Amino acid sequence: MNDKEFILRGVCPDSLGLVAKVSNFLNEHNLFIKESAHYGDPETQKFFMRVKVISPEKNIDKIKFNERFKELAEEISMDWSFEDAILNPKTSIFVSKYSHCLQDLLYRQSVNALKIDLKSVISNHPDLEKIVSDYGIPFHYVEVSKDNKDKAETRMLDILNEDNIDLIILARYMQILSNDFCEKYYGKIINIHHSFLPSFKGAKPYHQAYSKGVKILGATAHYVTGELDEGPIIEQTVDRIDHTKSPEDMEIIGRDIESITLAKAVQYHSEQRVFLNNNKTVIFK
Amino acid sequence: MNDKEFILRGVCPDSLGLVAKVSNFLNEHNLFIKESAHYGDPETQKFFMRVKVISPEKNIDKIKFNERFKELAEEISMDWSFEDAILNPKTSIFVSKYSHCLQDLLYRQSVNALKIDLKSVISNHPDLEKIVSDYGIPFHYVEVSKDNKDKAETRMLDILNEDNIDLIILARYMQILSNDFCEKYYGKIINIHHSFLPSFKGAKPYHQAYSKGVKILGATAHYVTGELDEGPIIEQTVDRIDHTKSPEDMEIIGRDIESITLAKAVQYHSEQRVFLNNNKTVIFK
Amino acid sequence: MNDKEFILRGVCPDSLGLVAKVSNFLNEHNLFIKESAHYGDPETQKFFMRVKVISPEKNIDKIKFNERFKELAEEISMDWSFEDAILNPKTSIFVSKYSHCLQDLLYRQSVNALKIDLKSVISNHPDLEKIVSDYGIPFHYVEVSKDNKDKAETRMLDILNEDNIDLIILARYMQILSNDFCEKYYGKIINIHHSFLPSFKGAKPYHQAYSKGVKILGATAHYVTGELDEGPIIEQTVDRIDHTKSPEDMEIIGRDIESITLAKAVQYHSEQRVFLNNNKTVIFK
Amino acid sequence: MNDKEFILRGVCPDSLGLVAKVSNFLNEHNLFIKESAHYGDPETQKFFMRVKVISPEKNIDKIKFNERFKELAEEISMDWSFEDAILNPKTSIFVSKYSHCLQDLLYRQSVNALKIDLKSVISNHPDLEKIVSDYGIPFHYVEVSKDNKDKAETRMLDILNEDNIDLIILARYMQILSNDFCEKYYGKIINIHHSFLPSFKGAKPYHQAYSKGVKILGATAHYVTGELDEGPIIEQTVDRIDHTKSPEDMEIIGRDIESITLAKAVQYHSEQRVFLNNNKTVIFK
């Protein structure tokens, strides 16, 4: 039955009658609104819309719909998409040596709790190949060194292109991606940083947290831009600690919040709930 | 500027084109949709809608709007209301001897963090009069005993009627209200119960929690029906405890979650976010 | 260095001078107190003690220590143990068809985040064999039906005995164990129940939660007694839900809190932090 | 019965036999250990100890105890105190115009949920006098301007000295105290900062949080040093927000976590649970 559900997403300058115009259009095309959310941001004056519709006819003509909606979209200057409710984005996971986020994502997609179409795992270390292979997912070892950075990225892009990758997840990937790479996949790379950003950017955030004596640990999932540990925040989670915890203890405690935060961010993205709003996000939960 | 914001709420049987019909209507009446939320419950087949609109003209003719919307509402069998966004419901708080929830509500309304028009506090004990008077709110001591229950409720109803009370908050009020009373104010009485319902109904929930050795304490705000500690749940909050806590410690810890849970429930209600859905609630946050 | 750390645990009737007696003893045996926690329960009048000590000599003579401490323990009527700080209890996991808790435990022990010596996984269904085998852990399929319950338990006991199992984890195991079995492993079986006990005991707790319209989901890890979903609570965790969640959604959300709650309970147990105190627990975190 | 409970606190260089020495001493003086906690910090090599004892004799001779313990303390180089378990520190609250933390503290101490002996409220604005007077607490308006800073602090010190103040609570006090003042009351001034430190130091943290698009708000209670919004962290609390929240909404949401965080920090301090450990804290909960 799921093939009959679609999600219409749109962003445009805010103005009078937008909801009426769009819902009229849907009504005229015999699409039933199951769920809808709108938000007008007073700061950027943008209007955000996510509508889940059901088509009572089994096979809606998506091409026709797209053609017709295009006219309305132009009228209201809307960036939009109309996709299957379950989009299953073609996904690649980047990892280095830490396995907890990878393991968690592999498991979730395998039991269909996370609706992604996982095509590949790419790593700059060979260590995690077995975990990945056990799940029947292709593992690509792409060595990255100071001298071969460009070549390595070219190799990665080849792998990504082959599968028409829509989403890249950095699951504790310890290399910095080039600006070109980040721009090419703008809004399509999700990273997990193991601190409550903007606190403790950069290296060794658990050591930073330890030396400050904070009482709460955090993890932040965000879209990747060229800036290190910047980029629109999607999700944050925290856990309580106390004076007895060493940086090593924090790493172990942190694994759980890192995994959960990253999985939630990927879920919101794959359910087409997240919109970019300059350096921030709008998320319809 | 706030006098130009309104909230349209509606509940009706779910069907095709509801959002289009309503948003068209709003559009034709030159009302700008600032925020909207819809939900179709698959279990009860009911459609719930809350729309916040702005009127660009300073003084919308609410009587005319109501007249015209009535026709549409009849067509789609919708229960509805169209009110100022800031409703400031005329409110009475019932208390006994515990002061923490009362104190918290008094303070919040005094700094306008809770938008209620507090008309009276009614108590079956004289103890809390000073707290209430310090805030300039009328305090009514209505003694309740086994023998005078009916008479006491009549007296309370008189006080409530005089102020056209729209909302009654039971802030740790230790008397049981009659079925008649509960029905008269159905969906307009909010109670705080000091447990994570449905656990620990009835008397001394902290003692019950202690004897079970639970590791988390809860508080539940719900609408009041004739059934003791039943009724649609609006909000729940929890806090962590451990083996060192006595029932008395739990009472002190519980004060914070009781106050916060009740305040949140009252806020959701006063912002017209809560809908009754049989024995449950739909809340647009 | 860890081989030089030990944990002394004790429970006895509370009386004057217990801490002094024990710490003198440790001092005389040249054991350095790294961490210690005491608790005297006013209800049961029992004294609980957990002391982590370091031995500056590489090889403490545990047999000698035990001999000598026995005398003191008899004097103060103390039940006690003196074990390596990292005990690595020999563990068996029981499962049925749900894999999330199993998967989580398998991963944690594999990266040494959970210090258990996992000897076997026993299941009344063959479904999860591959997951277990991928980790190199023996998987035993023991069919359980109405008619063969006794025989099945005998078979399980054989498997457990062969490995001298100290800890059984019921990771969503859907069969009820016999009273005899529960008594034999009293204080050594940890179960995860997918509700905030004592709410929603028994079958289908997520459906119960749905029909009550609760706003918070819970999970409870507890020691198993003969009584269904009773037994001393070790850990509870909650997560927030709203009216849009179906029982099926709750199951997916619940997986995370079930896994985390069970893992925490197993960790506390394996770190020798949990004491039984009649139908409750004392836990030194 | 509480007059017979005492708390012995101590900090000293870590070494073998400390617990034994102290517990022997207590035993010899017929003091019953009700609760005790120790911690040896591997980084600073300091040993921290908090022991709650009961004296079976109604009137322990505190002067004698102090005399005798002094010798032991010198032997082990321990900074220590031996005080009534309920210390009721003589307290002054500093405020400016925001009332929520003040209101919360006033209420908690009035119902004895917070065990402080509140002697005065000092403010650089006259606005909050009525709230304070309603509770029967002296209110001192001490104007602070660029030119009279020194004089104003002298006036404050006079007020504090008159009452022998042990604890100063900055409940959203918007003036910076001089280094001299901070040093004079080192470890005795608790401030609430309305962010999750070290994020968003300085002015307008809610505006900073808004512009970063964080998904979680925080509040931090810490001891005050000369450095702005630095100083050992005592407690932190967070709450979830989303894209719909303006800085003004955050301020209202933030009130609750600010009040609770500050109240918890004051409670830990007044219960003698907090130890300074260089720029961090050790807290025995």
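Which chain is which? They are A, B, C and D, in the order written, and residues in each are numbered from 1.
The rule we apply is simple: a contact is a pair of C-beta atoms (placed from the backbone, for glycine too) under 8 Å apart; a residue touches a chain by one contact, two chains touch by 3 or more.
Fair warning: this is a prediction, and the values are worked out from it, not measured in the lab.
Visitor: Which chain maximises the distance between its CA centroid and that of subunit B?
Guide: When every chain centre is compared against subunit B, the largest gap points to C.
Visitor: Go through B-C and A-B and name the pair with more C-beta contacts between its chains.
Guide: Looking at B-C and A-B side by side, B-C shows more C-beta contacts.
Visitor: Distance between subunit B and subunit C based on Cα centroids, please, to the nearest Å.
Guide: Spacing between the chain centres: roughly 42 Å.
Visitor: Can you compute the centre-to-centre distance for subunit A and subunit B, using the mean CA position of each chain? Integer Å is fine.
Guide: Spacing between the chain centres: roughly 37 Å.
Visitor: In subunit B, which residues are in touch with two or more of the other chains?
Guide: Residues 35, 39, 244 of subunit B touch two or more partner chains.
Visitor: Mind listing the subunit A positions that touch subunit D in their complex?
Guide: Subunit A reaches subunit D through residues 39, 41-42, 196-200, 212-216, 218, 232-238, 242-244, 246, 277, 279-283, 285.
Visitor: Could you pull out which subunit D residues touch subunit C in their complex?
Guide: 16-20, 23-24, 26-27, 30, 32-40
Visitor: In the complex of these two chains, what residues of subunit D are touching subunit B?
Guide: Subunit D reaches subunit B through residues 35, 99-100, 103, 107, 111, 113, 134, 244, 252, 255-256, 260.
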